[in-house]
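Next up: the structures, one after another.
First chain A sits with chain B, and in the next complex the same chain sits with chain C.
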Partner chain A sequence: MGQQTSGRRGLSETGAALILISPFLAVYGLFLVYPFFKGVWISLHDWNLLEVAFNPDAKEYVGLRNYERVMWGKGITWGAFAAPVLQILGLIGIGAALWLGRTARVSRATAIALGIAALLLFVLPGFHPGEGGRWYDRRFWPTVGNTLVFVALAVPGVTISALLLAAALNRETRAMSVLRTLFFLSQVLSVTVVTLIWQIMFSPRQGLIANITELFGGSPIVWLTDERFAMAAIVITTVWWSLGIAMILFLAGLQDISKDLYEAAALDNATGMKAFWHITLPNLKRTITLVIVLQIILHFQVFGQSHLMTQGGPNDTTQVLVRYIYQTAFRDSELGRASAMAVFLFVIMGGFSILQFVLGREKD
Partner chain B sequence: MQNRGYYWLVTLLAIPAFIWLVPTLWMVSLSLQPNEVLARTTSSTALGLVPIPFTTENYAALFAFGQTPLWFLNSVIVALGMTLGVLAVSTTAGYALARLDFPLKTPVMVLCLIGLMVPEQAVFIPLYTMFADLGWHNSYHALILPRMAVPIGVFLMMQFFRAIPKDIEEAARIDGVGWLAIFWHVMLPLARPAMMTLAILTFLYAWNDYLWPLVSAQKRDYFTITLGLASIQSNFAQSEGLGRVMASGVIASLPVVVLFLIFQRYVVQAMTVGGSKG
Partner chain C sequence: MKKFLMTAAMATCLMSPAMATDISLARFFGACEDAGTDTKASVGEACIIQSIINAASEQIDGVTVETLPTDWGNYYDQLKAAFAGGTPPDVFVMHRHRVPEFAGLGALGEISGDLEGVGIDSGDWSENALAAVSYEDGVYGVPMDFHANLWHVNMELMEKAGLVEDGKPMLPSSPEEMLEHAQKVKDATGQNYLAADFAQFPIGVRLVLAMMWQQNANIFDADGNATVDSEAARNAITAITQLFDAELADPQLNYADSQQSFLNGEAAILVNGTWVVDFYTAEAAKEEVALDTYYAADFPTLFETGATWADSHMWAVPSTLEGEKKEAALKVLAFINDHNIDWARTGHMAVRTSVLESDDYAALPHRSEYAGTAEIARDTPPSERYGAIQDVLNRELQAIWLTGKSVDDALADAQIEVQDQLDR
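This part shows the complex of A and B:
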């Protein structure tokens, strides 16, 4: 890349910029922007993978019918107490968000996010089929529910254990750095290696867990095919796998807390757990929120653990959204419906990404 | 402050750290035990964590027959190709966005920022139909190209180039050096640490990616090791023998674990960037 014509100074600034940025813009336009809009377009069609592959005209424009078929049903009504537990939780959440926002205990963005989440928790579970009604797709909302349950278990699991570990490991000594490495190691493994290991760990006949249970005279649990334990098994696997990133982010956050604070606290006899509670936690609030949002985005997209360990079973209890999209598209060949679900996924992910962006900005 | 409390803490933490390591150790240990033994019991010595009886026949068998070596090679090609591709488009675009002025710069930047929000799962169906129309499935470029469109590398490089003092460029401009030459001879050498981070992030992603190879590579000859491993784990006990499947798992993990142990600082940095931005 030497100097070009048009004088000694080569290309104009604009010319150079266009040459440098066009390779990226080309792949970006072709393989991200275009597919995104094509995805939305597919979701507006009756589009069978195999039929359209043989005859491009075999698709039919159906407008928003796919969204209706996926998310709606016949005779759907709304009731304030159709799903009392979740809806009451939602009401409590709305109250909490109002109170936290009013008293400025958390940042405005956090309060608004909490408020929206709580409002959705109150409104969404209220929908249900009325007398003689039914969902058009009986599996969609339970699948979304399973995904949310997975997120609700994995995110606190990862966050709490990573936070405690980070606080304990936050010292620059040789031993601590070795321990950090050990906790981080599993993070670099691929999902198929992780599921391979844990599938056999959980195996009732060959598994390490079963071997240990038998050592103490217990009878082994059939983890992956028992409705009560399958989700737990997947969550355990996920916590083991993805603790590392959260721990590292917390360690980075801990670096920003001034040592003076701890020394001052030590004078007041606040060390150990007390110091953790009164100094570490309050000063780490922003990092904690960020880690939680990141984890939600990451774990909402769970696929491999469910696909490889339980195949969504037993009885659909570990069926998650991305796996349902994958199956609808590539097993049932229903690209239109699958794309509608993918758009739904994008909207949710987009919401959390905006939240993450806002929170990240606040820091600066 | 190496007092008694500190040693207690280390000892206390060593227990969960060991438990954390056990699943990985177990995989390695099982891969080093004969299949006939594993068919009977997986807890011969110390719950199976120590490979006695010991054998290396699983690894020998892996390389003698089966497709694991081919899949491994595919993974190397795809991961290196993707890494080079991402580095090429990200450094150039990152520099242009950070330092050069051109029409529509702000809209381009906003467009790229929006792209950060689009998860792979939201575009894999249209990408599939598009690549099917082009007849591109079951090829290396089909596995490589979609990731090159993810703007995270552009932002990583842009942030890096922004932090470099402007004097260096200005001095070169006064000497009459063209923009492209400045990029190539001055900026790229400075950008090595950021490129290293991006390279590792991309390599790890490429090596471990599962969903896109799953839909794009249907012929076993084009499986990556990650995908190949998934294809043999569902019926491991009957066909291949537990020891051999575990040996495949070890082989599949070896490059990323070695990469991690050598470049730990970069890997941690890369995964933090990757984790926090998509």
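This part shows the complex of A and C:
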């Protein structure tokens, strides 16, 4: 039938498809694919933002030197227990992956993905400057570490609180729909507004939190400039801000679960927490995976919270990768170096996208 | 309908001056919504500068000025991005410390030959002011002020602690004396001696720098060698940390909080710039503000030589600007230059000799109290990596007073990082 239609209209199905997706392809190519490759190309150059703007020939091809200058150092050695905690975790992960794969508790692809992640966790933290050595860029890896800490706190924070909220609000009453809207509202605010609100909340002088602590006789915490609390402060802000989308995804997932399941469970005396644990959670598995991976990719790109609330401080404890890229590119005008870091960030996020792809294909 | 549109179009043509040149102007200092055009009445940096700009737009024939967003934190990043994108603003404010970077790349217009034509007499600029806008053999801007760190004093707290003599605050002449004074204030009033932003904005860095300069030391020399890890730096840092250790100052306050603590009467001294003198004067006059008797003192000499951190604001045009636009932009610069006395109302020091010597200038509030500041104004040697170097120092100093890093480790790290910046 496709053949017939195309004969009459002079347009094959592929041709029609191409025409229909061409606007998308053009925009996608121009604004995503081209800039991406240009970024990779810039990362291979010594490229001063301002100098090149005035003289296009002021850039110099340096191969992979930017990557070396950012990620490597002088006299770097590898030790199996240079960072014991992470590396032992990695070893445990490798063991778990082997065991899970052997006993076929998870699919082959999942076991391999877990295995690779664990192997990286074992290998990468092992690198460290040896005697008399140093990292060329002493801030890069700590910054990556901060970003990982942020992701490791924000993602479970958002996922768990959104899941609990969604479960609590999944009822068809007017009050619940009002509450759902309220909880979603924070999501529509821009990062400047969100950080402004929370800077006031966290202020040790006029902040709500300080007032409450004082009410109970405590002395207020100086959230944003205390190294123990600064990261927590931007995580709390982030959880509050990005709760909405996760909650909506969970609500959609919850509404897909058949009521019959709960009725059957109720007959077996499983209600409340029991039903949540045995019916809701298993049925939400895919949504949870989706939410987690989306959040991971999103939060690796954290910038505004750190830039506006703590300026990466105190002492770089909340300095995150995108802020470092931004400073390198715009404050220091070192576009080549910044692009190399951006490519690194891309590789991390690409890795998580592949992970999602693998997990998403898995059968229940 | 057609007729109506035609009439409307004609009316629009008639209403806007036919030859108006639009000048885009970039600045920091923050936003002021209702600045008006009265340059004599506005208070605070943001409103004073905006009233001057509004007046320029209104009073210069055939020139309208559009002010771009006025955010502080990302100003230079935005400016660079605008240059990189080929659309720099026609007129923009910058600091003296940025001249090597921008002029070195050919971003700034050389205007020494154009000044006279628009009525700017560069001979009226003080010697330092001319130096501030000069790079190699050219003039790359119109200076607007000198600004420096002052000691803003709450006289009431000082009085209670017995630290006032002849109506002037008694300021320390050594770190040891500073500790004594601080203890006196604490004992007499229960309040902190000194507040400043040690936690975010680099006021703490400027304090340490000043005390290093007072010992004739610096963080790097003109040949590009880092000299941070020194005895002078240790002395300067210890002078401050002794106050934290004795709980006579709080390192965790950021800019807004430290300022608030001073206005609330919770600190006898606030270290901050000249840019807040008129603002604190206005606040002190208010009934509901705890600070009542305000004094703006020169940064005291705690070591051998007088020194305080200082910088300069100036206005520049991009090198790509030509023809009518350039002429219009220069007229705006001339207008700002003419209103140097209005800008000095913020508390900044003027750059024109005729203004400096005028009665109006001498009559500005608290002006005589910090008359010595111009003499002791200092800054680091010029560097294209000024911003990054300040950031290194800010991080390592914060590490000392906020996270308990040892002074030796912090200075050793700062030494390596500053050298890295200088070598790049």
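Note that in this section the second predicted complex is superposed on the first by the 314 of 364 C-alpha atoms of A that agree within 3 Å, B and C clash if a C-alpha of one lies under 4 Å from a C-alpha of the other, contacts with A are read in each partner's own complex, and residues count from 1 in each chain.
We take it that a residue touches a chain if its C-beta (ideal position, glycine included) is under 8 Å from a C-beta of that chain, and two chains touch if they have at least 3 such contacts.
Note that the structure is a prediction, hence the values are computed from the model and not measured.
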Fill in: First, second, both or neither for A:Trp99, with chain B first and chain C second
neither
Item to complete: For A:Ala17, select first, second, both or neither according to whether it touches chain B, chain C, the two together, or no partner.
Response: first
Practice prompt. Based on the superposed arrangement, let me know which partner A:Ala53 touches: chain B (first), chain C (second), both, or neither?
Written response: both
Worksheet item: Does the superposition put A:Phe36 against chain B (first), chain C (second), both, or neither?
Response: first
Fill in: Which superposed partner A:Tyr61 touches (first chain B, second chain C, both, neither)
neither
Practice prompt. Have a look at where A:Arg138 lands relative to chain B and chain C in the superposition and call it first, second, both or neither.
Written response: second
Worksheet item: If you stack the two complexes on chain A, which partner ends up touching A:Trp78: first (chain B), second (chain C), both, or neither?
Response: neither
Discussion item. I'd like to know which partner A:Thr317 touches here: chain B for first, chain C for second, both or neither.
Written reply: second
Discussion item. Applying the document's definition of touch, where does A:Val222 land relative to chain B and chain C: first, second, both, or neither?
Written reply: second
Worksheet item: Residues on chain A in contact with chain B in one complex and with chain C in the other?
Response: 49, 52-53, 308, 326, 330
Worksheet item: Hey, which residues of chain A end up touching chain C in the complex?
Response: 48-55, 134, 138, 203-205, 222, 224-227, 307-308, 310-311, 313-317, 326-327, 330-334
Discussion item. For a test of understanding, state which residues of chain B touch chain A in their complex under the given definition.
Written reply: 2, 6, 9-10, 13-14, 16-18, 20-24, 26-27, 30, 38, 42-43, 47-48, 88-90, 92-93, 95-97, 100-103, 105, 108, 111-112, 115-130, 132, 145-146, 148-151, 154, 173, 176-181, 183-184, 204, 207-208, 210-211, 214-215, 226-227, 229-230, 233-234, 237, 242, 245-246, 249, 252-253, 256-257, 259-261, 264, 267-268, 271-272, 275-276, 278
Discussion item. So in the complex, the part of chain C that touches chain A is made up of which residues?
Written reply: 73-74, 76-77, 80-81, 83-86, 101-102, 105-107, 199-200, 252-254, 256-257, 260-261, 319, 385, 387-388, 391, 394-396, 398-399, 402-403, 405, 413, 416-417, 420, 424
Item to complete: Name, in rising order, each residue of chain A that touches chain B in their complex.
Response: 1-4, 8-11, 13-14, 16-21, 23-25, 27-28, 30-36, 38-39, 42, 49, 52-53, 165, 168-169, 171, 173, 175-176, 179, 181-193, 195-201, 206-208, 211-212, 215, 240, 243-245, 248-249, 252, 290, 294, 297-298, 301, 303-304, 308, 322, 325-326, 329-330, 335, 338-339, 342-343, 345-346, 349-350, 353-354, 360
